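Before anything else, here is the set of structures, which you'll find just below.
In what follows, chain A forms one complex with chain B and a second complex with chain C.
On to the complex of A and B.
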């Protein structure tokens, strides 16, 4: 490659080193020492932190994270596939515009959206007020429940799923569908034997994009779960807030390793690397 | 009398107000190799896609094997297609692609395909002590499908590549997989949509021979779409020359080459010199200000006609024996022959000859009366 073009990536590399790799190294060191705050003067090497990984509160938080992430991802796959397929099959002239409108909520601030969602989920909010003025007394009293958290996770991350499944569907050559029909397959069979298998890459990449933030995020469970539901992200958050950098770092590193492992596994199955693009 | 397998009656198709196929009538016989030939955008592929069921006709009837199929979806027609860019399934390997159609058909149609009675007899032979169940028959059908696949693979010369992935195949191999995938279903009609367009010349010439041979052996009707006149000439029993959605000429390759009905056909099929002339009287025409004999055409006396003379039909002779004398404008060596452009009476003629001729030389020309072809001048010209 031309030397000149190589230089174009320098700003990013600086950013990557300063804000990603160096902090990671520090976190890795922090998880093996015992110190106060970020003061390394009295730091001693220890493996005690690892004991914390097996305490019941960590395990529960971890299992919670896994459970919520799996439920959210599966639901996103089902709903996302239906939406993506509907757009793919629609006769809109500008499908890209439709996609843009669908993912428009992603452009507003996530915290704002979640706060708004929480508001709607509470017994009294602007909508119930308006409805009660009209004589309709209904309310959605689910704030603080697991359902609220799952709804929050799904509504936040489903655009990623729709987008990646749609991209995979759009890549399918139309002549393959004609070939399937030509070879005697009915429309339903065509879907299951040609379209679905060829769109699994989109499902996999969408799943990664949904599963990982669901697994490690902390804002949604905190706001919509109102402290009732503790995910691993919340535990890490608490440790850092309490200046317990050692345990926080350790958990963060563990999560990171799990994420890297997942990506590695996916890349094993998908040698061309199309999924992750 | 050959049996008519496909009958296209007054087919019309328009896209965005533009007529692509214009009142097309065509009968296709059993077990023939028919080529739809024409320039791109002439409606030949659209016609093929209407037979396959991918496009709806706007008017007219398509009858396949005595049955009107206008409203039948592609999967219900006794037709299989080899697509232009093959359309192989990238998530399946070679053999899975080939068995795709048979394997995914319903149990009932599988029974029909292999003959229920035959299957039951075979099952009794093979498993004499077992009760004939659906499961057992299914197993037998599956075995048969893979036997058929092996046969198809042998037919298209793909032995040893059964488990290759599609993206690891060359263009020629993909072409063969596409063929095998279609013929394994034993269709009555095989539609081929410019299947050789992506192959190199040598491979294409081999495939010409193989396709023709395959059609003869399988005894099914091939409808082949191409814009390559040489391809059409070598393989076809009959050629349909189409332009602007209208059939220009229908006939054997020989008829089309030797007796084109109009300027378009004469021009499109091979190179030719089309010169305005006059039909003087029986067996005599005037062309390039010379009166020469011709054979076997009947026009009104003194009618203006188009005279077609193929480049290879000119005889280059010494000047004293020449009927026409021209000046050589260019001379290009083409391997077997020289292609010469010569100017006679301000008309440029293409001439093929085996002997070298120098540019700016005078050249003497003659033509055999039997090789002159006359065409009526079209009304709008």
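On to the complex of A and C.
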């Protein structure tokens, strides 16, 4: 690459070092000591925190995170692919506008959206009030259940999936499709042999964008799970609230290593580096 | 080389721009407070009188207050922690003592008997308590319940904690919520077993608490959401701050469209004999930059009229005798809201009589170290994931 263009990334790298790498190093150090807050003056080296890694609630919370993230990602892939493909194949003149409408909800604050969603999921809310005035007594009483959390995760992160799949579909050269049809493939076969393989890039990058926040987030399970559903993010949050920065950091570092490991595996199997980036 | 310099220049320019954003233009008194815990109009009056900006930052837990002061990134002039955190801050050498000679409104016997009793009890374990804080608001925890659930009120009043934890005692289908702070849940479990909420979380007590909290499934582990859900009938019973209950009550008796009478409110709170008592107070951190102004601010809120107005927007009770009497005087007023407010305070913050063992209800929490808190948190997580 041209030397000149390389330098353009310097401002971002400065930020990256200040806001990601330095904190990570501090967290890694915090995991191995016992101290108060960020004050290292009385820090003692200890491995006590590692004992908490295997307690049942931490392990269950971790498995919960994994489970919810996998379910949400798979559902996002299916729904997201269908939506992206429908837009890709549609004859709208202004597809950009359609995409904008799709990501419109993201312009409002995520917490507000989740609170609103929770409200609808409770037995008594504005919609049930109006309906009951009309004599209809129905309510969606699912707040506090796993289903509520999964719906929340999907509705929050699905725009990322749609966007990245759509971008991948858009990049497919139309002449490839023509060639496939010329060579005698049916529409269905063309989709599975040509379009789908060429769009896996979008699925993989979309999955990463959905999976990671689902895995590490804590606000959505806290609000929609009504405190009954514990993901690893909630456990980390609690320890930081108790000012146990050591245990909180240890858990955060472990999660980070697992996530980085997963990305490393993906890039290893994909030797051409096509799926990522 | 030139481009490198320009780019590094851009970095510094960005950093500079950011630091400028965080700088404040005018000298300001920095206060760290809980959300919805002060009357902004009274603060504005203070700003005018002393010609200074008051900047209020918010935090939602005592532990957060502690870490914010400890980190020292902002030199707060006043903080309003609860009693156990006052103790912890004092023990870490973070507080300076309150110079009462600077508080012209301060005098002996200005506080309610309950507040004096509370300070006395705290002083027994933490002798410097009285010198390092000035009471701001106080209260207890209680069991807020839905009156519309048939049979619930009777059983809660009769059996208290026994009913709270025993599904069989409650009317069928009673939805119960627990406060989502592990320390409070631990205290509740201890009360059920007639133990002190400050019992050290050793293996035995942790096992007791875990067994108790596992006796029933809680429909919700929440904080501010509990009171709202009881009001809109999505929950029937919950362990909450008395201020949570009063906050909802005030909203309904002060509703602009459809103000209600206190007797029409569809929920109530029962204060068991064994419950958590708390008092939030003004403290001045050691590294405060405006010590005199901080004292002036405290003094301002010790003025009975100001304290009265402040209490009118916060769901808790003023610690001042004079302000308390002003609220009760509202009973004779023509204003319906003042009448209802007076009735509420009289009912939920009664003055002690001879039958009381001590002048206030409940037990203040003492400070637990991080290790104990981690054990309790872990225990509550085990309950949730069982």
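FYI, the second predicted complex is superposed on the first by the 255 of 277 C-alpha atoms of A that agree within 3 Å, B and C clash if a C-alpha of one lies under 4 Å from a C-alpha of the other, contacts with A are read in each partner's own complex, and residues count from 1 in each chain.
Please note the rule applied: a residue touches a chain if its C-beta (ideal position, glycine included) is under 8 Å from a C-beta of that chain, and two chains touch if they have at least 3 such contacts.
What you see is a predicted model, and the numbers here were worked out from it, not measured in a lab.
Under the clash rule set out above, the superposition-derived model of chain A with chain B and chain C shows the two partners fitting side by side.
An angle of 160 degrees, to the nearest 10, separates chain B from chain C at the C-alpha centre of chain A in the overlay. Of the two partner chains placed around the shared chain by superposition, chain C is the only one that A:226 touches, whereas chain B remains out of contact.
Between chain B and chain C, C touches the greater number of residues of chain A. Shared-chain residue A:263: touches no atom of chain B or chain C. Residue contacts after overlaying the shared chain place A:173 against chain B, while chain C stays out of touching range. Shared-chain residue A:243: touches chain C; no touch with chain B. Contact with chain C, but none with chain B, is seen for A:52 once the two complexes are overlaid on the shared chain. Least inter-chain distance for chain B and chain C in the combined superposition, rounded to the nearest angstrom, is 36, based on C-alpha atoms. The residues of chain C lying in touch with chain A in their complex are 3-4, 7-8, 10-11, 14, 61, 63-64, 66-67, 70-71, 180, 182, 218-222, 225, 229, 232-234, 370, 373-374, 377-378, 381-382, 384-385. On chain A, the positions that touch chain C within their shared complex are 4, 7-8, 10-11, 14, 36-39, 52, 55-58, 60-61, 64, 122-125, 143-144, 226-230, 235, 238-239, 241-244, 247.
For chain B in complex with chain A, the touching residues are 52-54, 73-75, 79-81, 83-85, 87-91, 100-101, 104-105, 109, 181-182, 185.
The touching residues of chain A, when paired with chain B in their complex, are 173, 175-176, 178-186, 189, 193-194, 197-198.
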